[in-house]
Structures are given as structure tokens and as C-alpha cells.
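Multiple structures follow.
Two complexes, one shared chain (chain A), two partners (chain B, chain C).
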Partner chain A sequence: MPQRRDLIASAIVVLLLALLPLAGSRYAIDLTTEVMIYALFALSLNVLIGFTGNISFGHAAYFAIGGYACAILLTTYGWPLALALPAAVVLAGLVAAVVGYFCVRLTQIYFAMLTLAFAMLVWGVAFKWKEVTGGDDGFTGIKMPEIIAHHVGYFYFTLVVVAAGIAALWVICHSAFGLTLVAIRENSVRAGFIGVDTRHMRWAAFTVAGTFGGLAGALFGMYHRGMYIENAFWTESANVLIMVLLGGIYSFIGPIIGAAVLHLLQTFTNQYTPYWPTVLGLILLVIVMVLPDGLIGLVRRVRARGGRP
Partner chain B sequence: MTLTMFTLNAFYGLALAMNMFIIASGLNLIFGVLRVINFAHGMFYMFGAYIVFTVAKTWGAPFFVGVLAAGAALAVIAFAIERLLLRHLYDKEHLMQLLFTFAIVLLMSDAAKMIWGTDQYSVGYPPGLGGAVNLGFVMLPQYQLFLCVVGPLIAVAMWFVVDRTRWGRVVRAATQDREMLAALGVNVPMVYAAVFTIGSALAGVGGALAAPRIALVPGMDATIINECFIIVIIGGLGNMWGSFLGALAFGFVVQFGTVLAPNWQDVLPYLLMLAVLIIRPWGLLGRPETGH
Partner chain C sequence: MTAMLSIDGLWKSFAGFVATRDVTFELLAGETHAVIGPNGAGKTTFFNLITGHLRPDKGSVSFEGRDLVGLPPQKIVRLGIARSFQRINIYPRLTVFENVQVALIAHEGQQWNLFRPGRSLHRQGTQELLELVGLASEAEETAGELSYGKQKQLELAIALASQPRLLLLDEPTAGMSPQETGETIASVRDIVKARGLTLLFTEHDMSVVFGIAERISVLHHGEIIASGTPDAVRNDPEVKRVYLGEHAHG
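Up next, the complex of A and B:
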């Protein structure tokens, strides 16, 4: 069960976010909406990376499938949101289950390569299936339900969905299933010895990650009123991976912090210089060279040095 | 499809395959010895192509001087990257090495933007190789013919160096047991540096040789790195002849896909790769991973 302290802290964060539109800044509302979506995206990936110890380099695929499916069902087929959103999430989860079936046969670097390859296949389909996805031009002009068409309405919608998604992921990660995943990460051979079907569990983790990645993608597509093939490209997979690492993989809230820091940094950097890739490259070098456990790890180390618990 | 068309397409597929092999074999060599998946390999390729443009077109030097310059420049860049940064990461997780090479991609892509801008460039065929050879029923372009000769030459040269020389034995030993090799008095860090340098130089040369066939645009690195991944995965990671086979399969699928299914030629290689992986998860000539 969650600690009382954590529950209260989460409630305060949600409450503060709910009050944000009162400040009246459109810019702040939009930026926060984006950060919330990326936070969910990054958290979903961390089920695989931080908890199971499997590096997926193709997580953008499920994000894109969720986003494209929701957009197409809403617009081309005129489905109501209450059907389109769950359908898109289920589809992302199904594709993740199929891809995962093949990927979990491999481990380590081979696993990463295969996830990347499947993701590029998804990208290729989004690129070439022009009649359905809009191809190179992207899928634009998503029909939005009245109630969330306004940016404040969409902000609250995102807040509710992301909060529910994060709560669900928290429960999954701290359940017996989640602990089994940690056992696989720590020592998959020993986990096998005590009777864990490691391949099965990794497959389940893969599917969970893809499902929630699809949810984030659906929110992203509706927020931008469109999906573009860049959202399925491997650089997007790398981006979310960097968010997860920047925050710290061995902590539940690490990816949320990583997503917030990286996205805000990108937004501000882009106002001053076109050279965001350089900044991102330097951030990555710092992570790789001196900060492998991310910002959360840094905070923990500083605390430990200060003698506090 | 007539015989002429078939021959011509098979030939173009072969030329593409040989060009891809030169690039992918470098990626494969680095993976085989260092166990590092080098995302920056595509960027090295792009730099190779841009450098040949600058040397041959802007400065007016002969094309093959440009090719050598591209190979040499990438060797220097790669050596510096390995010695200054990458060598500190061999003991860390794969993920960290992967991300390190991605950081190099980001930094070099901005560097390319600063040096060459975002315009599209082209490099003409070198003089003497711009014509075609008449076989009676079909005309084969000379430059593609040249690629079909260079590719196998490089393959044989790599095979000879790795399988038949003392240095090659050292390299193969480094893939088996680093510590034992070091205990025998071999300077293993320098072996690693040399392999990374040579592999990267191959990307530079491959890019320079590709330059006359293609348009030079920002983003060409991202396409090529994925294609190289496909090739080495199909062939089996770390296996040189596997890459050769993978490149052949890739070249023919892309070329005939362009003719027979013009809308889907970009997706076909991925389907080919998935088909191979479902039947043989370790690639055509790869070996099952051992538990480390």
C-alpha cells in the first residue's frame, strides 16, 4: 500500500495542478499539458527499463499507434471519444503484445535492436499508408469533442487521464507482478529458479508498457490536433529514453521528473537557439559519464552525504 | 519483366548491396569486437559524403582524393572519440554505450548544420566512370560496376586481415576474452581503438562512394543507420559474411521492391528482417547468444 506521506504529496500536486488554470496563462496551461503527457509516456517506458531491466529502443511505436488510432477513429470514422480513446489504447496494447512476443525471445542488446526494428516498421507503415495516415503530411484536423476542444477543458481532461494512468501504473509496479519484474531485473536466472516464467513476465511488462504508451500517444495527438510520422521515428524513442534516464530509472517518480525537466529545457532552449540537439547531446554525455542514476540518484547521493536518511 | 529489365535491376540491386556492405561491415566489425551498437555510424557516413563534396566539388580535387580524405577524416574523428570518451564506458551497461553514441549523433548533426548548412548537394560521377558498358542487350553504368568490384574487394580484404593475419588473430581473441589477451601482453585498449577507427573509416569511405549516387541532405544519416541495422541483423550481429549476405538481400529487395511495389519499397526490408528473425532470431549466419 502507498505510504500516507506519498498519497498526501500526490494529492497536493494534483490539487495545485487543478488550480493552475486560475492563473490564466495559456502558455503555462499548454506547457503543463505537454509535460503531463510526456510524464505518462516516460513512466510507461520505465515499466520495461527500470522495473524489468529491458531496454526498448522502439517505444515511440506504441505512442504513435495510440495517437494515430485515436485520431483516425475520431475523425475518419466519427467515433465518440468514449469509444475511440479506449479502442486506440487497446490497439496499442495488442500490437505491443504481438511485437513483444517476438522481442522477449531475445535479451539485452538484441532485444533493443529488435524493438527498434519493429518501431521502424510502424514508422514505415505510417509513412507509406497515405490514404489512412496522411503519410508525410501527417494526419491533421482531428475532430475534437466539444467539451475538451478548449485548452482549459483539455488541460483538465489530460490531468484526470494522466493521474488515473499514473495511479494504475503505480499499482501495477508495486503489486506482486511488479516485484516479480524487479526480481527478473536483478537476476533473471535466479528468478527462473524460484519458478518465475521470466519470458512470460517480460512479455506482460512489454504489453503494459505499450498500452500506457498508447494512452499517452492518444492524448498527444488530440492535444496537437494531429499526428506526424516524426512521432513514430526512432529519435522520438530516444527522446523518451533520455527522459527516463535523466530522471532516474530506479525510482517510480524519476521518469516524471525527467520528462518535466527535459521538456521544459527543450522549450526554453528553442526560444534562444536552434541548436537544441547540441544541448541534448551534452546533457546525454553528462548522464552517461557521471550521472547514470539520473537526477533522483543525484539527490539520493547528496542526501546520503549530508547524513540524512 | 524482360531480360534486359531484370538484368539491369539485378545489377542496380547488386551495386546498392555492395555500397551498403562497405558501410554496414564497419558497424558490424565494431559491434563484433567492442559489443557497442554505434548509432553514430550513420553520421560518420553522412560526414564522409559531405567531405567528398567539399574536397571534390568545392576545392576541385580529384574524386578519389576526396574518398581518401573522407576515410582519413573519419578515422581521425573516430580515434579521438574512442580515446577521449568511449573507452571510459566499456565497463558500463550497454544502454550507456548506446546513449553515448546517440549523443555523438546529436552533436555531429548540429556540427554538420554549422559547416554545410541545410541545402541539398550533389556530387557528379567521377570522370572516366560516368559512362556505361554495353553488353549487347543491356547497358550497365560504369560507376555501379565499379561499386560491384570494390565491395567484394573490401570483403575479401577484411576476411584476409581478420582470418589470416596475426593482427586479425588478436582482434578475434579480443572478442573472446579481453583479460586473457591483456595477460598475454597485448595492448587491448589500442586494439579496441584501432577497430573503432577502421570501422568508422569504412563508414566514411562508404558515404564518399555513395555520394555520386544520391542527394546529400541533412537526415540522410538516420535512414542509413536503420538500413545498416537491418543488414547486420539479417546477417547475424558480428558476422562479416553475414553482413555481406544481409547487404545482398537488402539490395535486391529494395531494388526489385522499387519496381514491383513502388509504394512499399521502404517497408519491405523491415518485413524481410522480421521474416528472418522469426525463423532465425540470431540472423542468417549468427550464433545464439550465450548467457552473458
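Up next, the complex of A and C:
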């Protein structure tokens, strides 16, 4: 069961976000929508990284599959959102299950490289399959249902979907399944000796991560009214990985913080300089050198020091 | 008594180095059996072959009539064989409590439950196991920060959580203080008795070995050179020459 304090804090955050359109500008609303989508994306990746101890370099693949599938089903096939969105999520999860089946046979860097290879394959499909995906022109002009076509409507839609997605991930990460994943992360050999089939568990974690990554991607595509091959590119996988590391992999909410901080930094940096990649490099340097547990780890350390009598 | 574990003609080599040489061995149901031998004799390798961590090159291992060769560790533990490790093998960033709790979750097959909160499961069972090995007051500490001796006790609790019928302990007291050794051995003996376990263990401390083993097998260069009651083994000239004699001098 979640701690009462955590539940109240989450409720307050959701409530404050719900009030944002009353006070905020269009700019603030859009930026918050983006942050929420990235937060879900980063959290989904952390099921693999923080909870299972498997670093994926190809998580953008499932984001892109969710995004393209939802866009195509809505627009090319005219499906209603209530069908297109779940179908897109299921498809992302299925592809993750197929890819994961092969990836979890490997560990560590070999695992990471294989996830990258499959992600490049997905990018290749998006690029080559022009009739369906629009190729390098992107898939544009997504048909949006009336009620969420307006940016405020879309903000509320995103809030509800992301909150539900985060709640589901919270339950999964804190379940018996989630605790067992952490044991695998900590010591996969020992996990085998208590009767855990570590490969199957890692496979399941991979599938869960891909499924929720697909949900984030579907929200992203509709928000931008289009999907582009860059969304499947390895740089996108690296970006979400940095969000996770920046926030901190050893806490549930770390990736949410990381996603918010990184996306806001990127947006503001881009307003003043064209040097975002340089800034990103510096951020990465700081994470590796001084923030191995991310921002959450830093907060915990500061608290521990302050709490000392 | 009948054989619980029968091993026949077991071989294992690492890049040409033979670590287990034609080992034939029987473990009787309910007995407490020690495997002793000098460093590098192949004791840990022997345990690894039984528990599926290593696959033998040749030979058979059968547990209550079932062939274990080729089964992965997670299948073997489900048949009722659990082990502890000579080198600490715990989940360092989990709490002591969670280290045991997750073993109980796995034992019950609940690792596939995506909804039930993990921390609410088996609280009482975990507490009981921690009390049994004397770690109740450290329950909420991070396992990796415990003293070496306490981590060894945690090893034991994790192995017990799988509710084995056959327990394999690889040097359960290595690195412990004499007092911790005494307490651990006393609790192992009590647990084995209370649960009717069959115990196979390795140990360098001869007072422990001769104190609790009902039978002893001696490994030397991967071979079993003697097997029998403590008295028989103690008086075996070959054993005296290669192992016990050297201990007496050291």
C-alpha cells in the first residue's frame, strides 16, 4: 500500500496541475503537457534500468511504435481514439515482447547493444515504409477527436492518461513482481537460487517497459499532430536514458524529476543558444562525476546530513 | 536409511584442470554430512554441480530419484534443495528484511503477481526466519552494510526461506568470530533437528565438523579419498596425511 503521505502528495500535484489551465498561459500548458509525456516515458524505461538493472539503449523504438501506430490508426484507418490508443499500446507491448525475447538472452553491454540494434531496425522501418509512415517526411496531419483537439482539452487528456499510467507503474514496481525485479538487479545469480526464473522475469519487465513507452509515444504523436523518424532515432533513446539517470534510478519518482528538469532545461537553453548538445554533454558529465544516484540521490544525501544531530 | 542424493561418476574440469574427479557419493535422508578438504580441493565446485550452478562434464546427480543434471538452479531449488554461499551472495541494497522476504515470495511463486504489494507479503514468516538466525534487530538495515558475520547469517536465512528438505551450506561460519561461529552452529543444529532437514556442509573449522557431522567425506584434488563416520575418517591414514595432519601442525 502506498504511504498515506505519498498518496496525499500525489493528489495535490494532480490537483495543482488540473488548475494550471485556469491560470497558465498556452506556453505553460504546452510545456507541462510535454513534461508529463516525457515523465511517463522515462518512468517506463526505469522499470528496466532501475528496477531490473538492464540498461536499454533502444527505448525510443517502443515510443515510436506507439506514436506511429496510434497516428496511423486514427488517421489512415479512421479508428476512434478509444480503440486506436489501446491498440497502439498493445502493439508496442507486443513488439517489445518479441524484441525482449532475444535481448534478455544477453546481459550488460551485449543486452544494451542488441536493444540499440533493434531500435535502429524500427527506425529503418519508419524510414523505408513510406506509404504507411510517411518516411522521412514524417506522418503528419493526425486526425484528432474533437474534444481533445484544443490544447486545454489535450492537456487534461494527457493529465488523466499519464496519471493513470504512473499509478499503474507504481503498483507494478511495488508489487511482489517489482520487488523480485529489484532482487534480480541486486544479484541475479542469487535470485536464481531462490527459485526465480530471471530470464522470464527480465522478459516481462522489458515488455512492461515497452508497453508504457508506447503509451507515452501515442500521447506524444497526438500532441505534435505528427510522428517523425527522429522520434525513433537512437538520440531519442539516449535522451530518455539521460532523463532517468539525471533523476535517479533507485527511486520511483526519480525519472519524473529527471524528465521535468531535462526537458525544461532543453527548452530554455534552446531559446538562448544553439548549443543544447554541449549543455547536455555537461549535464551528463555532472551526473557521472557527482550525481551517480541522480537528483533524488542528492536530495537524500543532503537530508541525511541535515538530519544528523 | 535411503539415499536422498545419489551422485555417480561425476567429473568437472575447467580448461583442462580437473576440479571434480569421478566422484561417487551418497547422502542419506536425514543425515548431517560434512565435506572437508584443503583449499582448492573442489568442495564449492561439488556444491555448484549439485545445485545447477555448473553442469558436470560427465556423471549423474539424482535427488529422490530425479535426475538433476541440466536443470537450472531455479528448478532445483523448487525440488527442495537450497544452499548458502561461501562468498557472500545477498542483495546488498535491499534491507535485511527484504532479502528474506523476496525468497519467501519466490518460494510461494508470487513473483509473477504484478498487483499485490511486495512489502506486505510474508511479514510474519520473514520475521520468524530473522529471529531464528538472530537478525531480528537488524531487519531494517541495508544488507550490504551488515558485518561480515551477520551477512553470513543472512545467507542462512535466505536459504531457509526456500523451505528445503536438503540444505547445502558452503562454509557457513567462514570469517565469523568464535562466538558467532558457536551461535550459528547451535542454531543450524536446532533448525536441522526441528525441520528434519538433511544437511550437507563444508567447513574448515574441525571442531565444528567433528561436533555436528554424523558422516564426513574428504575431498582431495577433486577426489573423494575417504567417507564414513567421524571416527573412521579421523583415523584414516590417507586423510591424516593429506589434510588432518597438516591441520594439526598448522
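In the analysis below, the second predicted complex is superposed on the first by the 306 of 309 C-alpha atoms of A that agree within 3 Å, B and C clash if a C-alpha of one lies under 4 Å from a C-alpha of the other, contacts with A are read in each partner's own complex, and residues count from 1 in each chain.
The working rule: a contact is a pair of C-beta atoms (placed from the backbone, for glycine too) under 8 Å apart; a residue touches a chain by one contact, two chains touch by 3 or more.
Small disclaimer: the values here were computed from a predicted structure and weren't measured.
Contact with chain C, but none with chain B, is seen for A:250 once the two complexes are overlaid on the shared chain.
Shared-chain residue A:285: touches chain B; no touch with chain C. In the superposed pair of complexes, A:238 makes contact with chain B only, with no contact to chain C.
More residues of chain A are touched by B (comparison of chain B with chain C). With both structures placed on the common chain, the touch criterion links A:180 to chain C but leaves chain B unconnected.
By the touch criterion stated above, A:190 is placed in contact with chain C alone, chain B being left untouched. In the superposed model, A:223 lies in contact with neither chain B nor chain C.
Across the superposed pair, chain B and chain C both touch chain A at residues 189. On the side of chain B, the complex with chain A involves touching residues 35, 37, 85, 88-89, 92-96, 98-100, 102-107, 109-110, 222, 226, 229-230, 233, 237, 263-264, 266-267, 270-271, 273-274, 277-278, 281-282, 289, 291.
Those residues of chain A that touch chain C in the shared complex are 1, 171-172, 174-180, 182-183, 186-187, 189-198, 201, 204, 250. Chain C meets chain A in the complex at residues 51, 53, 72-74, 77-78, 82-83, 85, 89-94, 98, 101-103, 105-107, 109-121, 158, 161-162.
The residues of chain A lying in touch with chain B in their complex are 49, 55, 57, 102, 105-110, 112-114, 116-118, 120-121, 124-125, 127-128, 189, 233-235, 238, 241-242, 245, 275, 277-278, 280-282, 284-285, 287-289, 292.
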